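Next come two complexes built around chain A: one with chain B, the other with chain C.
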Partner chain A sequence: MELERKLIKKASLEKLYQKLQANGNKIFAPIIKDGKTEFHYNPSYAEVTYDHIQTIQSLKNTVFPKIENLVRFTTDRNGTEVTEVDLAKVPSLVLWGAHPCDAAGFKALKSIFMWDYKDEYFNSRMNKMVVIGLSCYKCDDNCFCTSVGLNPGATNGSDILLTKLSTGDYLAEIITEKGKEIVNAAAELFEAAPAEAKEGNLAQVKQQFSHEKVTKNLAGAFEHPFWVENSLRCIGCGACAFVCPACACFDIQDETKGKTGKRLRCWDSCGFGLFTIHTSGHNPREVQSQRWRQRIMHKFSYMPERNESLGCIGCGRCSRACPVDMNILEQLIALEKIQ
Partner chain B sequence: MEVEKITEEAPEVKTFRLKFKNHEDAEKFEFKAGQFGEYSVMGEGESTFCIASAPTRKGYIECTFRKAGRVTGALANLEEGETIGFRGPYGNIFPIDEWKGKNLLYIAGGIALPPMRCVIWNTLDLRENYKDITIIYGARTVNDLVYKQELKEWDERPDVKLVTTVDPGGETPDWKGEVGFVPTVLEKIAPSSKDTIAIVCGPPIMIKYTFPVLEKLGFTEDTIFTTLENRMKCGFGKCGRCNVGKYFVCKDGPVFTYKQLKELPDEY
Partner chain C sequence: MESIRKRAKELLDSKQVQVIIGYENGTSNKVRASFIKDSAQVDKLIYDERCTQNLALYLVKHEVKHLGKMGIVATIPAMRTINMLISEEQVKPENIVVLGIGEDGKLLDFPDLTVMESFLQKANIELTAKDKEAIEKLKKMTTQEKFDYWSNALETCFKCYACRSACPLCYCTRCAVECNQPQWIPVQASKNGNYEWHMLRAMHLSGRCVSCGDCGRACPLDIPVHLLTMHMAEESKRLFGVDSGLSMKMESVLSNYKLDDKDNFIL
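Right, the complex of A and B next:
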């Protein structure tokens, strides 16, 4: 679909939000609560903020919930009754104000969940979701979207992308059919494209490394001393994986209460020592440096090759969340130069 | 699936013969030697085991497991007639069609005979397709040898050469087999590598010491096969657990040639 440009006035944006809400969509939008900006379900429009650089949590919970109920079961004397989860009941969701990096994060997840076997839990949520993106007008030292092929105004992954203009109104770029449907259903709120260019209203994120070069270097870097040197302080807490928009490793566990129970798919992390341990006690990745290597290799070497997608969108959340200050950007800059 | 029959193989090791409860599932189900499944007790979770019976034996599948954790503990408590969950088959296969006309050398250690039993019976059921079939099987102690009845059967067959061994100290006074680690016994009996495919299955440490012996005997990298047993959850290349470098043991394996293994990073 050819990209279409429109203008939406600041006041009309609120009307669009309310219209989407009135139409029965669940809305996931960023608000400031207890001094932190995070996405919440169905906030009132007055609470919605457009000023954050980055939320602590990523938005992957919308399509890859922290805990996904795969099946329910009831066990009694007559045996076990298994009930499938009705995925048709997944509600329509509007993701309001996702930054371009987060929108691109869904593409990375898709490359995992839709590779080979198509994951219907992921897919049913993904199909029911519309992404209204919001270009970034500011960034911080942890942002590096431009180094992983994105930019503060990248359209990839959004259905509609909003960019705040100098007037306070917004440029709306309509990227997909899903986006067009929304605009058509609220045509009165949109006006002819503004003359003002998008580019002048975007954050300046300097490109700091070439991801192609990193990928190329990683191919021969499995045994490189880099991994030990750069992971000594890693405590294997998994925070980086939990806040990452593109980390998709999961565990499957059963939880029961009396006669009923659920089989759950839960977020997991390759940083955890138990992640790969065999029943025998043998562990293919027995020390933290091997787990850190897996994390970087998976995102910058294995995924580009197997899933045709990088596993990183340059949001910098992992660096901000790391309790021992491991900075992925610094490491990637170093990896671009290793011999 | 219904647990039709339970066989006690060794201390804490059992074989389940499983039958689909749903007729349609039974009709649709097909698998090949080398593939695995996810077996579950609802409320406890899932465990990954290979399918230990041969695809030439229709109407049921078998799995053999050692009681070790939460799921296998719950499986071990089941009785005949009870129900378990099954997902599968997953993974790639032993290319037994390509092995036609060759000698087969099976080398297994401990609880790793089950993944090999599938392909052993598969090729024995198609016996005319293969020349000499040799099986070398070792366990820590005599008691730890699994499929004792079948070992006896293979031993008595004129068209199979079976060598069993136990680790030093694991023998009993009336033990008639070899005493020594699998790689040592392999070196001692030194089977010919001419027109022969070697299939190796065992704990990582056994595999690592067996390959060099095979190479010394003249086996080339692409005539040696093994199956990897990395920890898994999903079985279809998503959960991220069984990666060895860029490969997924669940999708690209579990069957690998030594040649492929050499290209893989040491992560198994």
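Right, the complex of A and C next:
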């Protein structure tokens, strides 16, 4: 559909939030708690913040939960009985105040979960979710959305994108049919588009590398000494992968209690030594430099090639979360230049 | 800082070590571990109050260990870790040279590791006021309050294992959480699974933890997991009279038995 522009006054935004909540939607919105900004389910509107640069955790938990119950099972002498999870019960969710990079993160996940095999768990959650995005008016030096083809006001991935204007009111860009339904159901809260342009109200994120060039360089860089040199300090934890909006690796585990059990899909990380270890004991990614290479290769070489999507949206969460300053932006800038 | 660089250069030029593990400036005003193999690069080395990471972690890392003999810039907790790693036969004393940093941030002269041992016997190994206060606050809680506090704090844990990876004494090549036949600890980051993991970690480090605090600093979700191991270090001291890492011949309080060990905890 063609993008529509409208104005929503600050006071009306609260009414929209309350209306969505009253209609039985679960809302996932950012609040500041114990000094940390994170998304929480169903906070009161007064708690919701519009001023965060980025939350610690990504929003992927909404569609790719850290534990997804795939099936339940009961075993006895006669065999195993499997009970499917009823995906029709997945609740409707409104993601309120996701930044454009986060909205784009869902596209990256979709390129994996809806690639050859169509993952119904992911898809059911995606279909039940509406993304009300929020443009960024500020950034920090870990942000690099403009280097991965996005920008602080990018509409890609949001159903409605809000941008705060100088008046304190918001420009609402209605991007998808899902977004339009919300606007139509609360038409009284929206007004004619403002004259003020969106561009002047966005953070200035300088482009620092060309992702096309990085992808091109990576094709010949598998054996490059870069990986060992730049990952000696990597300690092999999963912090980067677990806060990443686009990391989608998982591990399937059965949890049993007596005769009943659940099959669970849990987050995993290619940074872990155990990730690739074979039953024989052989590990094709034996050392951390190979695992770090995999992280970058997957995001900037394999995914563009196979999934037609980058596996990185430039949110900078991994760099902020890393306990040993493995800064992905710094490494990508270097990879753009390697020979 | 200059003295560290000078010493690093001497060690590299004389081929006494092949790599210096120290600190360098990182991104966004952060500092990070640096691995200097060429004496022309020693000017990258820095030391200031931001340098808190326990670099002894890297002494057992495969790729670092294989660079050759290592010189390491070590703060007091790192020196204690070095003693622990030597005691536990993870590091050979002849493979390392310690560039110790005293409380005042100045380079200490350790002609050999026994001098480091003597230094540590007299060094200040008190916890920071902030950590002490947090532990005291927890100690005053009732059992139920403590349980609620930790249940709440650990609930957000997503098991990225940064606490484990940042800990220089969590060096097992295969951690108990990674054994699946049988599976001791639930893999999923659920409430019980998280609780079990953190209790296991605290117990495994009891009497070994040198209270460097790197596990808590590494946690991307700011869960104060270091208070668990620091508390266990205090308990080990109270029950067995031992501070970990003060000599190269430490006996593990939980895996050694002595006839005169107190047995009043046995019901």
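Criterion: the second predicted complex is superposed on the first by the 335 of 339 C-alpha atoms of A that agree within 3 Å, B and C clash if a C-alpha of one lies under 4 Å from a C-alpha of the other, contacts with A are read in each partner's own complex, and residues count from 1 in each chain.
In the analysis below, contacts are C-beta pairs under 8 Å (C-beta built on N, C-alpha and C of every residue); 3 or more make two chains touch, one makes a residue touch a chain.
What you see is a predicted model; the values in this text were computed from it and never measured.
Look at A:G79: by the touch rule set out above, it reaches chain B but stays clear of chain C. In the superposed pair of complexes, A:Q253 makes contact with chain B and with chain C alike. Of the two partner chains placed by the overlay, only chain B lies in contact with A:G261; chain C stays clear of it.
Shared-chain residue A:L16: touches no atom of chain B or chain C. In the superposition on chain A, no contact is made by A:V183 with either chain B or chain C. When the two complexes are overlaid on their common chain A, residue A:Q288 makes contact with chain C while staying clear of chain B. Once the two complexes are overlaid on the shared chain, A:I56 sits against chain C while remaining clear of chain B.
Judged by the document's definition of touching, chain A residues 251, 253 lie at the interface with chain B and also at the interface with chain C. Considering their complex, residues 26-28, 30-35, 53, 57-58, 61-64, 158-162, 164-166, 173-174, 178, 186-190, 214, 217-218, 220-222 of chain C touch chain A. Interface residues of chain B facing chain A in the complex, by the touch rule stated above, are 40, 42-46, 66, 68-69, 72, 83, 85, 203-204, 229-231, 233-234, 236-246, 251, 265, 267-268. Listing the residues of chain A that touch chain B in their complex gives 73, 75, 79-80, 82, 112-113, 115-117, 119, 222, 248-254, 256, 261, 263, 268, 270, 275-280, 282, 284-285, 290, 294, 297-298, 301-302, 305-306.
Residues 36, 56-57, 66-67, 140-142, 228, 231-233, 235-239, 241-243, 251, 253, 255, 264, 266-267, 269, 272-274, 286-289, 319, 321, 323-325, 327, 329-330 of chain A are the ones that touch chain C when the two sit in their complex.
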